[in-house]
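Two complexes are shown next, each including chain A; its partner changes from chain B in the first to chain C in the second.
Up next, the complex of A and B:
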C-alpha cells in the first residue's frame, strides 16, 4: 500500500542512509542513491497529505522541516523540496524508478543548484520599527508638521479638528516615505553583505512594532557574524528592532 | 468549516460592517472638507461649523463602537478591506504575479 515516495530533499552525496522514524506520522526516512546524489524519502500512499485539522497539518510541516534540517546537518548540501512532494508509480515504472527518471531529466540543473548552494545557508532578516517613535520624531523635525501642530493649539475646536485631519494625512504620507527610505537604506546595506536576497511579504503587526522589511538571504554560513554585527547596529537604534534567524537549509533559493 | 451563526453574532458582524463603511465615508468627507478649507472658498465661520459637524460625527461613531463593543470588529473589517484592495492593485500592477498564482491551481 506504500507504493509512492514522499520526497523531502535531494542531497549532494550518493550515500545509502537511514534516518529512523523522523518522517511525517513517524514514517521511517531513508535515502535512494543515484549516481553521485541521493534523495531523502519515506514510503507513502499515492495521495497527498491533507487535513482540515490545523494541528495535524502543523505537525506534518514541523516533521517535514525537521527531516530536511537533519539531512542538511548530515549531508551539508541539500536542495529542500516543498511540502507534499510525492512521486507515484505508473504502468511502466515503480516510484523509485520514476524518481530516477526525474533526476536524470533535471540532472544538469540539479548539479548547477548544488554548486550554487555549496557552503551556503539561508538567513531571515526582519526589521521592525516603532511607529509611535517615528511619528514623534517627524512631528519634531518636519517643518510643515511642526507648524501645523502649533497652529492647532490656537484654533477654535471645529477648525482645529479639520487642521488635525490635514496633519494626520501629511503625517501618514511622511511615514510612508520614511518606511520606503529606511527599507532602501537597510536593503542596500544587507545586499552588499550577502550573496542573494529575496524580498518576502511583511507580516501584520501584533503590537506597537510594525514590520517594514522581511528578507530571505543566501550567504556562506561563515559570514553570518559579519551580517549579524551590521544588524545589531540597526537593532540598537531605539526606533528599530531586528529579528535575525538562521542558518536554515536554503528553502527559498531552490527555485 | 462549521460557522456558528446565531442572532447575536450576525447582528454584531453586520453592525461592524456598517460602521466600517460609515468610517470610510467619514474619512472621505474629512478629506473633502480639508480641501474646501484650503481652497479658500469658505469663511472662517463656515470652516468652524463644518469642522464641528464632522467632529460630532466622529464622536458619535466612537460612541456607537464603544457601546456596542465592536471596536475590534470594525478594525478587522477595515483591515480585511485593505487587504482585498491591496491584492487587486498588486495584481493589476504585476500581472506576472497573478499568472504565477493561477498556474498551480
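Up next, the complex of A and C:
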C-alpha cells in the first residue's frame, strides 16, 4: 500500500536517521542514504496529496516545512523540495531504488548546490510604499505638477476637470518613475549585502500599502544582521515599510 | 531589524516558496500533481483570514476534525480531491 516515497529534502550527509512521526498526517519520517548524501522521506501511497479543504492543505504545508526545518537543524545543509514531490515504484524498481537512480543521475549537480549553499540561508525582503504619501510629496516637489495644481484653482469647473485629468496622468507617470527609481536604489543597496538576489513578482496587498519590490536573498546566516540594519533604515522612512522574513531553507536557490 | 519567522505571520511567504520552488526531479517515476490548482490562488487568498481566526481559537476543533477525516479517507483509499459531503461514516 505505502509503496511510494514523499520527499521533503536532500541532506549533505550519509546518515541513516529516523525523525519520528513529524511528517504529513503524522507519518514517520526517515532518511534514505546514498553515497555521501541522503533524502528525507516518508512512506505513502502512489497518489498525490490533494484536497479542496483549505485547512487540510494548510496543515500539510506547515508539516512539510516543519520536517525540512527539523532536518535543516540536524544536518546543517539541506536542499528543500517543493510540496507533494512523490516518487513511485515502476515495473523494474521499488521507490527507494528509483530515488537512488535519480540521485545517481543528478549527483554532481546536487553536490555543487550543497557547496554553494553551505552555511547560507534564504531571506525574504519585500518593500512597500504608501502611494498617497508618495503622491503628496510629488505634488509638493515636482515643478510641473505644482504649477498645474495651482492653475486648477483659478479655472472654471469645466476647465478644472480637464486640468485635473492632465494632472492625474502626469502624476501616474511620475509615480511609475519613482517606483522604478526606488527599486533600483534599494536593489543596489541590498545586493551589496547578500550573496545572491532573485527578483520575485510583486503582489497585491490589502491595505493602503503597495508592494514595489519582492526579493529572495541568499546570505550567510550570520550576515542577516547587516542586511537587517539596512532594511531598518528604509523601514524608518515614512513613505516606506519593509517586510523581512527568514531564515528560510534555500527554496529559491536550488533549481 | 530582525527577520520574522513564525508560522502564523509568514504562511503566505511559505506558500510562495513551497508551492513554486525547491529541487525538481526530472524522472518519469514522479507522481504528477494534477491537484496543484486546488492549492493555488484561492488558498493563498483565504489563508490570511484563516490565520486570524485560528489565532482566536475559533477553528481549532474543526481543524483537528478535518485533518482526522482526511486522513481516514486517504487511508481508505477514497478520493480526497473532492470535498467530503456524505453523512458521517467517519468515526469520531
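Methods note: the second predicted complex is superposed on the first by the 255 of 255 C-alpha atoms of A that agree within 3 Å, B and C clash if a C-alpha of one lies under 4 Å from a C-alpha of the other, contacts with A are read in each partner's own complex, and residues count from 1 in each chain.
Following the convention adopted for this analysis, a contact is a pair of C-beta atoms (placed from the backbone, for glycine too) under 8 Å apart; a residue touches a chain by one contact, two chains touch by 3 or more.
Everything quoted here is computed from the prediction, not taken from an experiment.
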Discussion item. Both complexes share chain A, so when I overlay them there, do chain B and chain C fit or clash?
Written reply: fit
Worksheet item: Just chain B (first), just chain C (second), both, or neither: which does A:143 touch?
Response: neither
Item to complete: Examine A:245 and indicate which partner it touches, taking first as chain B and second as chain C; both and neither are also allowed.
Response: second
Practice prompt. Give one of first, second, both or neither to describe whether A:156 is in contact with chain B, with chain C, with both, or with none.
Written response: first
Worksheet item: Just chain B (first), just chain C (second), both, or neither: which does A:18 touch?
Response: neither
Worksheet item: Which partner, chain B or chain C, is in contact with more residues of chain A?
Response: C
Worksheet item: Regarding the shared-chain residue A:102, is it in contact with chain B (first), chain C (second), both, or neither?
Response: second
Worksheet, complete the sentence: Taking every C-alpha pair between chain B and chain C in the superposed model, the minimum, in Å, is 9
Fill in: Footprint overlap on chain A, where chain B in one structure and chain C in the other make contact
52
Worksheet item: Which residues, counting only chain C, touch chain A once they are in their complex?
Response: 1-5, 7, 10-11, 13-25, 27-36, 38-39, 42-43, 46-48, 50, 59, 62-63, 66-67, 70-71, 74, 77, 80-84
Worksheet entry | Of all residues in chain A, those that touch chain C in their complex | 4, 7, 9-10, 25, 45-59, 61-62, 64-65, 79-90, 93, 95, 98, 101-102, 105-106, 110, 113, 122-124, 200, 206, 224, 228-229, 231-232, 235, 242-248, 251-252, 254-255
Worksheet item: Contact residues on chain B for chain A in the complex?
Response: 1, 30-31, 33-34, 37-38, 44, 47-55, 58, 79
Discussion item. Please output the residues of chain A touching chain B within their complex, sorted ascending.
Written reply: 52, 156-162, 165-166, 169, 204
